[in-house]
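Letters A, B, C and D name the chains as they come in the text, with residue numbers starting at 1 for each one.
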Amino acid sequence: MVEFADTAPRLAALAIEVPSWAYGNSGTRFKVFGTPGTPRTVEEKIADAATVHRFTGLAPTVALHIPWDTVDDYGELRAYAEDLGIAIGTVNSNTFQDDAYKLGSLTHADPKVRRQAVDHHLACIDVMNVTGSRDLKIWLADGTNYPGQDDIRARQDRLAEGLAEIYAQLSGEQRLVLEYKFFEPAFYHTDVPDWGTSYAHCLALGERAKVCLDTGHHAPGTNIEFIVAQLLRLGKLGSFDFNSRFYADDDLIVGAADPYQLFRIMVEVIRGGGYGPDSDVALMLDQCHNIEQKIPGQIRSVLNVQEMTARALLLDTEALDAARTAGDVLLAHEIFNDAFYTDVRKDLAEWRESRGLPGDPVRAYLADGYQQQIESDRVGGHQAGWN
Amino acid sequence: MVEFADTAPRLAALAIEVPSWAYGNSGTRFKVFGTPGTPRTVEEKIADAATVHRFTGLAPTVALHIPWDTVDDYGELRAYAEDLGIAIGTVNSNTFQDDAYKLGSLTHADPKVRRQAVDHHLACIDVMNVTGSRDLKIWLADGTNYPGQDDIRARQDRLAEGLAEIYAQLSGEQRLVLEYKFFEPAFYHTDVPDWGTSYAHCLALGERAKVCLDTGHHAPGTNIEFIVAQLLRLGKLGSFDFNSRFYADDDLIVGAADPYQLFRIMVEVIRGGGYGPDSDVALMLDQCHNIEQKIPGQIRSVLNVQEMTARALLLDTEALDAARTAGDVLLAHEIFNDAFYTDVRKDLAEWRESRGLPGDPVRAYLADGYQQQIESDRVGGHQAGWN
Amino acid sequence: MVEFADTAPRLAALAIEVPSWAYGNSGTRFKVFGTPGTPRTVEEKIADAATVHRFTGLAPTVALHIPWDTVDDYGELRAYAEDLGIAIGTVNSNTFQDDAYKLGSLTHADPKVRRQAVDHHLACIDVMNVTGSRDLKIWLADGTNYPGQDDIRARQDRLAEGLAEIYAQLSGEQRLVLEYKFFEPAFYHTDVPDWGTSYAHCLALGERAKVCLDTGHHAPGTNIEFIVAQLLRLGKLGSFDFNSRFYADDDLIVGAADPYQLFRIMVEVIRGGGYGPDSDVALMLDQCHNIEQKIPGQIRSVLNVQEMTARALLLDTEALDAARTAGDVLLAHEIFNDAFYTDVRKDLAEWRESRGLPGDPVRAYLADGYQQQIESDRVGGHQAGWN
Amino acid sequence: MVEFADTAPRLAALAIEVPSWAYGNSGTRFKVFGTPGTPRTVEEKIADAATVHRFTGLAPTVALHIPWDTVDDYGELRAYAEDLGIAIGTVNSNTFQDDAYKLGSLTHADPKVRRQAVDHHLACIDVMNVTGSRDLKIWLADGTNYPGQDDIRARQDRLAEGLAEIYAQLSGEQRLVLEYKFFEPAFYHTDVPDWGTSYAHCLALGERAKVCLDTGHHAPGTNIEFIVAQLLRLGKLGSFDFNSRFYADDDLIVGAADPYQLFRIMVEVIRGGGYGPDSDVALMLDQCHNIEQKIPGQIRSVLNVQEMTARALLLDTEALDAARTAGDVLLAHEIFNDAFYTDVRKDLAEWRESRGLPGDPVRAYLADGYQQQIESDRVGGHQAGWN
């Protein structure tokens, strides 16, 4: 049996990137509810992100989304974040909200639209050069709604061409991270629907092109930890977008829908070398707090990842290997579950306190006054959202 | 073999209700694209609906959605529609866009919110009394996103109470039609997720409470024609919301995703007595034309229902019964498919022309000038949408 | 916060019925693997079931399946079981293995086949009268593989007729429990595919007809705890068939695929009055140990139910109600999860020992020698399976 | 508009391989029903396959499954088939029915079991060398049922090693075709669950390793025609296993569940160069006729593929390209559907007759006497099945 104390040192390596947009309003096509204290500016989003880090020590970077987070001076923005104790991380492009993109962006039949989409990514790289971001993350909403609407094969070729042009502009330290998604907003076919498609494009691009795995972007029943293991084996897992789901891309708090799945994912991440100081796999959140409080929602999220990482680190791999070699199905399953069922919450609280952090970050945040402050300060203006 | 000519008289009974909101803009949480010519007012929506009927003879009624279609004088609106040759049909309530409904409406833990939701429905009945509408359709977005968030059992009891109060206010000719939906916008549990739940509530309410079946509101793989057959058998099928889907509630054009399924549904509708002058089952559309033209999209939709109804009427039920009695699986399947594979389009075109309608309503519409007219007329103002 | 000690007394009420067929061989259509020590006779199955009870104190009854468990003298069988410290529970009928049932049983187009199926159930009631069983459980494999193959509406009427004849033969203490299943072995339509259908038939039959919920018999994504809550509310939940699944009706060990779901189900069982001495809801296992050891598999299964029941009993319902009333989504979710994440295993071990049971029933069984004994004794003969 | 007459010449290229096991009995884990006339020997299976070809002209080759089709002299078997007018096609290996394979074959933790599995494939290649088969098809049942049961990453490495050893033994004309499957018989993880995994292994192996796409082996909602297009684009589509499904791997008659999907697949096959004399993509059936007659079931299957191919060839690609370039969603969809909705059955019947084949192969077969003959001849012996 592995003890918490033995694993604690490895826990210190955990760093989770939070998305700037999680602090803005989000919702469904039916309604976007507002909430008191929601940021109106990029700076306010970054302040919230820094607050999550202050209470948890887990969220040292914040991802930007362009154009939602467009500012005049990215150097200033970078300095602003650093003053608050965090860094700017991944830059996410947006090719789904301009009217031109109604029928696609990098895959559009019209070369002018594809040009616009490529140029947008080149502009994102310009931002990265200033913010010091390593990763350009591309999630494409491209797809079609009706059979026959467009040529799905030709769209792959157009996509490959556009990606190649973008990739060519990256500097030697930068990476292109290509996300896949099963469906939505396209309802018949999606141009990057599965890890295989993302992998094939990344292979064609080169070494600094990697796959982004969003845990909510799969068909029902998909074994996600298998994909994690496979992509790590192939050297092509670039980053995670963590969230959880019961149905589709629900974007709920990571670990909320199926904590056991999150455990299994973290086990494979660790098993495959995707965790720790030597790994370049980025762990990010991508969630929507439609009805719950946003900052506490983000705190809960990073804590969920931390708790499951702690459990995964408890796995007695030696005993497990012995059971597997013996073909003892039930014993192997039991050893695996021993780690999952171990309640690490008290140990983690103590460990946090030993590092100068609040033992219960949620309670500490609620008691702190930050929430009350932003609710009274952030009055007027336009609350940030997905536009 | 049944001939088209033999079935043509029964085709005349087909009437499909179109939703006012199909003519406004719709989209996903990622983007709502605008289109030239989109209505700005209820009257413009009704004019578009009347145009669909003018070219197809299939859409004699239009459903309203309150408050999207709120007007000062519903008597005037009724007269306006009638002048255009159509009637106002079902009234749809909305309990998902007021800020109060963030955590529910008829099921909300707070009695004040439940009161507001009940009152909204009573106001809808007031509208119905003026418009002459028979059906009050209730689709509830109510549900929760996180396990433990609320008491799912208590919510059922609250729901039953609210529905009873609404039902009590209906006049003897009016009906309450309760729609169910698998998920969205709630992502953990939905308060009316399946036909069983809707059926149980309708049973408790009384004879004029019926189930609304939206063809896009089921779990993956659900056999929808079975539910049609069952609800007709139980005397509780009130109406359809027709659309099609590949994944979730995609709200695509009916018949676009799986035409064979639409055929099977129409076969059961006819088989179970849900079709024709003696049936009170309402056939409605509920779709979103996110990327395609809206009026041609609606024309295509009602034509799809007509084509599949024509095929279903071709079914040689006598030969089929014989094959079934003989236990001849392949022959029964083949007889069934003979009807589906018969190309009725030419016959239907002639039949339409014999009734003074254009043989090809889509081409006729595109050649007519209506689209150009509304695109040049409807400039300025606020295009209608889901708000 | 609720303490384990406070809930322990309620734990004593837990009783889980095990199925005789879990001790026989099972598999997929691809292969049924044999295992040393597998029972050859009904008596050997019952001995294994009694062994599970001896080590856990949780499995006081064993369900029979007719004709797999056919014996000449059911009175003797009853006495045999009672001598081993357990009782005979539910009787399960089988209408899927006789050649006559190829195209259906109670729903078959041919009245002779329906007669045979009804008679089989009457014979099962005869067995129940001797064994003292309360429940006749009917799971129907009936359905069709091809659209058009048979009249799905007529099959409902035939089903209703057959069930009524069976129900009429039950004595006043006996119940008919009707199970539903999404699909398999039928691949186009199933005659009792969902809880709504089972509920509608049970309503028509009368008070002693109840629904059986098999946790593996739903469409992907179905919220099972909602159905539990609804059926308890409607007074129609008769029994559970517990197992777990990732894909279809995988029949894995209950709690193995999604422990959090099992927790949520037990919470609703308790919430809705389905747990404890005053409830008549039967908790049964229905699993296949295709590749793992069978008796330890059953021990693990009943322990999983016990552990999740213990967690569910820890739920601080008072604090939860307060959070729900306040609309505090995150707090309610956290209180809910506090119970789930509490590691009850040590407390349960002590509690077992205080009741004269082994603290770790799995280890105790493995150390006991029973397994070795049956492996050396049960040589020759025909290992029991699904035939 | 394209006319049937223009496309007829291309139809002649259609050749569909039938599986020997389709003529034997199959079923579910619940029951395998026997049928009169079922073959008892490999020769009888081949005779049935040749009969399908005789009536349709569509099935010139038959696939073998080793060891189900083991004979002493494969040269004799080849001559026997050729005498009947067909050739022996793909050789399918079996690594799921030997007791050694309970926990895996090429991925098993025990090197001795892996050795056995590799050797079995080498033996299959020996068969191919005699039968003149081009393709060795590998479908692996390998996987696990319980989280933690085995190391899913290590299993990939073992798999790669085993495949490499097998691949190395192929002659220059032979190919290895690796099939993927979502789930079943493994219920937690499958070692080759998706096209991405199969693709990655084929890439590592070399040019003569290709992916086999079974149309029933995907998660619910998966867009299969996209995968077809992608694999053709990547040059890695080796073959199809055609069948249809509503739920899981139902193995129904191809085109029976969703004819529109089969149409879309054939459109992409043709679009991507996977059809016709210059293509090396093998079109095979892999179905189970559990309840329907087997030979007529196979005839219906190849006709379904032929009918959908004929429709797909009718596609007016020029008009379609124009509509797509114009971004006219509805027009492109309509042009696409024009081909699908065209009833080609009469034209096909005439075309068949012009080539000396029966216009209605199903009726011709039923009238022929072959079925009566085999039913009276094939009495006694052991009907062939999956063992």
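Basically, a contact is a pair of C-beta atoms (placed from the backbone, for glycine too) under 8 Å apart; a residue touches a chain by one contact, two chains touch by 3 or more.
According to UniProt, the chain labels map to these proteins: A, B, C, D = L-rhamnose isomerase/sugar isomerase.
All figures in this text were calculated on a predicted structure; none of them were measured in a lab.
The fewest steps needed to get from chain A to chain C, moving only between touching chains, is 1. In this structure, the chain pairs A-B and A-D differ in their number of contacting C-beta pairs, and the larger number is found at A-D. Put simply, the C-alpha centre of chain A and that of chain D have 39 angstrom between them.
Rounded to a whole number, the gap between the C-alpha centres of chain A and chain B is 38 angstrom. Touching of two or more other chains is recorded for residues 103, 145-147, 182-183, 188, 220-221, 223, 246-247, 256, 260, 291-292, 329-330, 333 of chain C. Listing the residues of chain D that touch chain B in their complex gives 220-221, 223, 246-247, 256, 258-261, 291-293, 296-297, 300, 329-330, 333-334, 340-343, 345, 362.
Against chain B, the residues of chain C that register as touching in their complex are 103, 109-110, 144-153, 156-157, 182-183, 188-190, 193-197, 199-200, 203, 218-223, 225-227, 229-230, 232-234, 260, 264, 268, 271-272, 320-321, 324-325, 327, 329-330, 332-333, 335-337.
Those residues of chain B whose C-beta lies close enough to touch chain A in the complex are 26-34, 96-97, 99, 101-103, 141, 145-147, 182-185, 187-188, 220, 245-248, 250, 252-253, 256-257, 290-292, 386.
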